[in-house]
Amino acid sequence: MTITVGVIGVGAIGQDHVHRLSHVLSGARVGAVTDVDLDRARVVADGLAGPVLHRSGAELIADDRVDAVVVTSWGPTHEEYVLACVAAGKQVFCEKPLATTREAAERIVEAETATGRRLVMVGFMRRFDAQYRAMKEVVTGGEIGLPLLMHAAHRNPSVPDFFTSDMIVTDTAVHDIDVARWLFDEEIAAVTVLRPRTSRKAKAGFDDPLLVLLETEGGVLVDVEASVNAGFGYDIRGEVVGEDGTVELSESAGTVVKRAGTHAGRVPAHWRERFGPAFDAELQAWVDAVAAGGTTGPSAWDGYAATVVCETGLAALRSGAREPVVLPDRPDLYKGPA
Amino acid sequence: MTITVGVIGVGAIGQDHVHRLSHVLSGARVGAVTDVDLDRARVVADGLAGPVLHRSGAELIADDRVDAVVVTSWGPTHEEYVLACVAAGKQVFCEKPLATTREAAERIVEAETATGRRLVMVGFMRRFDAQYRAMKEVVTGGEIGLPLLMHAAHRNPSVPDFFTSDMIVTDTAVHDIDVARWLFDEEIAAVTVLRPRTSRKAKAGFDDPLLVLLETEGGVLVDVEASVNAGFGYDIRGEVVGEDGTVELSESAGTVVKRAGTHAGRVPAHWRERFGPAFDAELQAWVDAVAAGGTTGPSAWDGYAATVVCETGLAALRSGAREPVVLPDRPDLYKGPA
Amino acid sequence: MTITVGVIGVGAIGQDHVHRLSHVLSGARVGAVTDVDLDRARVVADGLAGPVLHRSGAELIADDRVDAVVVTSWGPTHEEYVLACVAAGKQVFCEKPLATTREAAERIVEAETATGRRLVMVGFMRRFDAQYRAMKEVVTGGEIGLPLLMHAAHRNPSVPDFFTSDMIVTDTAVHDIDVARWLFDEEIAAVTVLRPRTSRKAKAGFDDPLLVLLETEGGVLVDVEASVNAGFGYDIRGEVVGEDGTVELSESAGTVVKRAGTHAGRVPAHWRERFGPAFDAELQAWVDAVAAGGTTGPSAWDGYAATVVCETGLAALRSGAREPVVLPDRPDLYKGPA
Amino acid sequence: MTITVGVIGVGAIGQDHVHRLSHVLSGARVGAVTDVDLDRARVVADGLAGPVLHRSGAELIADDRVDAVVVTSWGPTHEEYVLACVAAGKQVFCEKPLATTREAAERIVEAETATGRRLVMVGFMRRFDAQYRAMKEVVTGGEIGLPLLMHAAHRNPSVPDFFTSDMIVTDTAVHDIDVARWLFDEEIAAVTVLRPRTSRKAKAGFDDPLLVLLETEGGVLVDVEASVNAGFGYDIRGEVVGEDGTVELSESAGTVVKRAGTHAGRVPAHWRERFGPAFDAELQAWVDAVAAGGTTGPSAWDGYAATVVCETGLAALRSGAREPVVLPDRPDLYKGPA
């Protein structure tokens, strides 16, 4: 069975997903596209085997030929499209962030909860990365004992011009926020953001890098170096320290070249190189789940919690103090193992 | 466009490919299956969305609804099915070996050459493995200068009961034979096989491990440790030594666990763990090429040359001496970059 | 020329140094020993070629046959012996800590400054470790640009019964405090101490592990995981993050063993295994410097600054807040490159 | 107790040992030196605290003030000096080779055997290298089962002008010959030498690199890549393959630098960097043994066997064939654990 997917928003990541659904994954076809820039949507549609071009997300969602929806539009529009999908009873895969404000994310959680079933998956792709999955297996398997700390680093070689200082929290550290919640199966209870010396490569007004400190409800302390002008590559590090040992992500493999006095491996140049297979696995898992009548992976609650922690992180960045995270109880719909 | 594939032979590797074509890859469906054991074929067919069950490979190949064929039957039957595909003008992906004798492989090369176009791809999946591809890039990019030697090891944890002593050459070392031809873009000119002390784990009458020495036409010397009772894991090693440096395959990544006095990474347990993604990439490349009207990857010539080198290797194993490899000129159809 | 060294305090580390001076290093002999436990001192003396056994440190320092003194007695007694050496104009190597209070350390700095020349070396052996030296070379060589952050971990497998909770700062983190000052050639300006979830292995009343945050005057932020019940080994980690790259300590080398599904290296079992060669290099450097009429390595100022940062760290541990470090100006005697 | 050592031959390695004995090791002083170039000997003597300058090795050996002798003269002169030491009943440390011909080495073994006690230690320093020692511990500890193969590589960045083609066997591969004998505690039974493509960096008439194949009496097959124009560094590799696993030398540790798209460690630039600490440990072990009235480490028999295997290796290089190694029975003096 092949599901017909409509894609809302065909910028960089949207085009990646269109390519994945059309040429990489099994069981799906792109049957409809739209974009705020209709010309761009038309170009993308022309490259495919005849999908419908819709004038708006609402129109696309309403199209009966569309089985399920991928939302890869601009962050602030996510809420509207996800809510429309939920209202239409259609499965939706929404790229992170689920929403750009706590209230917007809350409305999605409420709407979905009201339907009594999960319709929303949020695109935290690290949960589908082979290394992170192996790490979670070690943590939950008890090999290193109860987790006490985690050290993480997210280093981007550079960021585009539209990147703002706050996005180091909401766009960069957000991945480690989700990873921490997922690895330890606990909510984040407090956030502190520290400012080391600023890199000369940071734009004026930027605090880069940051050290984001997360405390889980159970007391695991996570330090996240978030850096968006690292220059040398896209470098993602993580180490969980437990009572009996530690587990860390390997340096990315490939080859070792010995030359001119060094033995050297490659640091990925781009997030596509590092996480391409994770994006494939993530969307395939969604396609398979949708074909089977449900969804999988990070839920609207995960998207909501991440949004709340990010908002708290921004408050902590401004205050310089430790800020507690305030979350309501988790609805039953979202209980159970991650 | 979705191509309809017929699969001849649905043992272990055949079922892997059926799963891949049905649930992992893009652009293909399994439309027909057959097997020497029809009951087994029926079970496989029942798990899919209604493929035709054929009583024989010949019948399957003749079926007009079948666009292209995957041959994963018992080695000695490959020739017959590949020749039938070539005669029918249908693209065929044949698992290694292309054929079990030099003469059989030669007949395939002749038949394909007579058609004037490539119809056959042979399943040497390492050419689609990310590590080997990175290695080839380093070698051909000139980073380490002209290659002089290669050190390789192929270590299987264990082998099934039907595995014979000769298969250490024809089934195990054959991968490194193909890798050497592909990496250095040269034929193998001579083979020597040395017998170190035999492992206590080897079955009676087995020489295991072996050290297979390959010499390319250009003088690159390749030593291949081939071991099929290594026990500790599926361990594939390779290092090319050039005039200016070396390039080697990394240890397989994942996580590093520190515990009880060691820091440890995982050795893959099985070839599926090590080469699963390479098999996916290989078959996707074939599906894409077939959809585009052609083929790609290792050719019938590559399958033929590997078979000849393996035969020479067996002669060298018996003689204990260095045995020259005798190959005819490469037909024009197979010239050009690997 | 062979210098005659007197050793005050022959507990574990004192006996190590006696062995080093007698059987490992060049240019020194142990000519006098003493200890608060005279029987223990007698046993040590009996194992050597006839050193003088003194009834007290003061007597030993006053002995004309003693060229230079090693102080490896109990921490609170260091001040007295070091001051006596300074008064006697004799070179002294004092194991860390230089003194156990800010005031005591200050008195040593004042006494030494008054003599106008350096007579005191403090035993921060990491400055003589090959890995840390290579790291410093990278940092000061500019390869990774201006340093922004450092991540460090000091993991002890376990600690003896007399170890107190405060010693995680004063005995464990103190090494990273000195490393940070030395690597970045800046004073520490503030300390914060965070308490992650406590390990079940920690004694009652212990906060273990701790995350100690150091800020240098120039804004480098150093996070130090200090853990004294890690169990799995003696694991020392460090990574400096600069504007253009990072440099980290390698996992300790040796061999890689592949067995039973893993490839594994060794984590040192004990600080002697990890830092034995650094202790040798440190004491040899001191012997050579003394033979040449001076001293080298970490100065009384370094010992004083470390003591002050530790005291501030203890205040931070109690307050839970960021505590500024208050240091007077550095006397001219201690200016110049580290 | 300090032993007085006489050094015969103060070229590069001789000066290294003089420095070691004078400024690095414990328990020895250089009390006499000589050299074929007396001016050079005088310069070295002038840098020390008044050793006696002798006009010849014979004179130095005869000097009663000399307790023991280090022979670091030109290889062909070793026999004469070692025999003189044996005749004088003085302990002698002889840099490799023990002698340059089988007959010369045999005469030394006979002379020493006639005295009934060991007086000769040969400078195979790898036996004192921490990595090789850890490897031997794994091999003899049974962790990887009975050894079956060994893969080794000895890569020199370059060699001086006086280096001849044969020296790739007698000066380079000789280390792996000794390592194999020591690790497996067996004699080498046969040698084959293969010639891969020659590096463009090799001098005219040089076959470089070589692949030297050693077979031990027990059937362990050792392949040694010996290369003396590797350019990129001094790279020593080794991996023992056993029935249950493998053990290999780690890449040399230090730091990992991430910069410009790679994470890189250092390849040693020179044998001094790689084996400096092994040379120290080796000579200290000798000094300690001499002080205790005996000797230690590689014996005259080890030097003799290595010389015989090297001669056989040269024959194999000329013949292109597998050449058996012919050795007499090992005298009782040399029996017992390595």
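As written, the chains take the letters A, B, C and D, and residue 1 is the first residue of each chain.
In this text, a contact is a pair of C-beta atoms (placed from the backbone, for glycine too) under 8 Å apart; a residue touches a chain by one contact, two chains touch by 3 or more.
Bear in mind the structure is a predicted one, so any value in this text is a computation, not a measurement.
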Of the chain pairs A-D and B-D, which one is connected by the greater count of C-beta contacts? B-D
Of all chains, the one whose CA centroid lies most distant from that of chain D is A
Report, in whole Å, the distance between the mean C-alpha point of chain B and the mean C-alpha point of chain D. 44
On a C-alpha centroid basis, what's the spacing between chain A and chain D, in Å? 57
Multi-chain touching residues of chain D, meaning two or more other chains, are 232, 235, 244-246, 251, 258-260, 265-266
Any idea which chain D residues touch chain A in the complex? 232-233, 235, 251, 258-267, 269
Listed in rising order, the residues of chain B that touch chain A in the complex are 1, 22-27, 49, 130-131, 134-135, 138, 143-144, 244-260, 265-266, 277, 284, 288
Mind listing the chain C positions that touch chain A in their complex? 145-149, 151, 153, 194-201, 209, 211, 213, 218-221, 223, 225, 227, 229, 231-232, 235, 241, 243-246
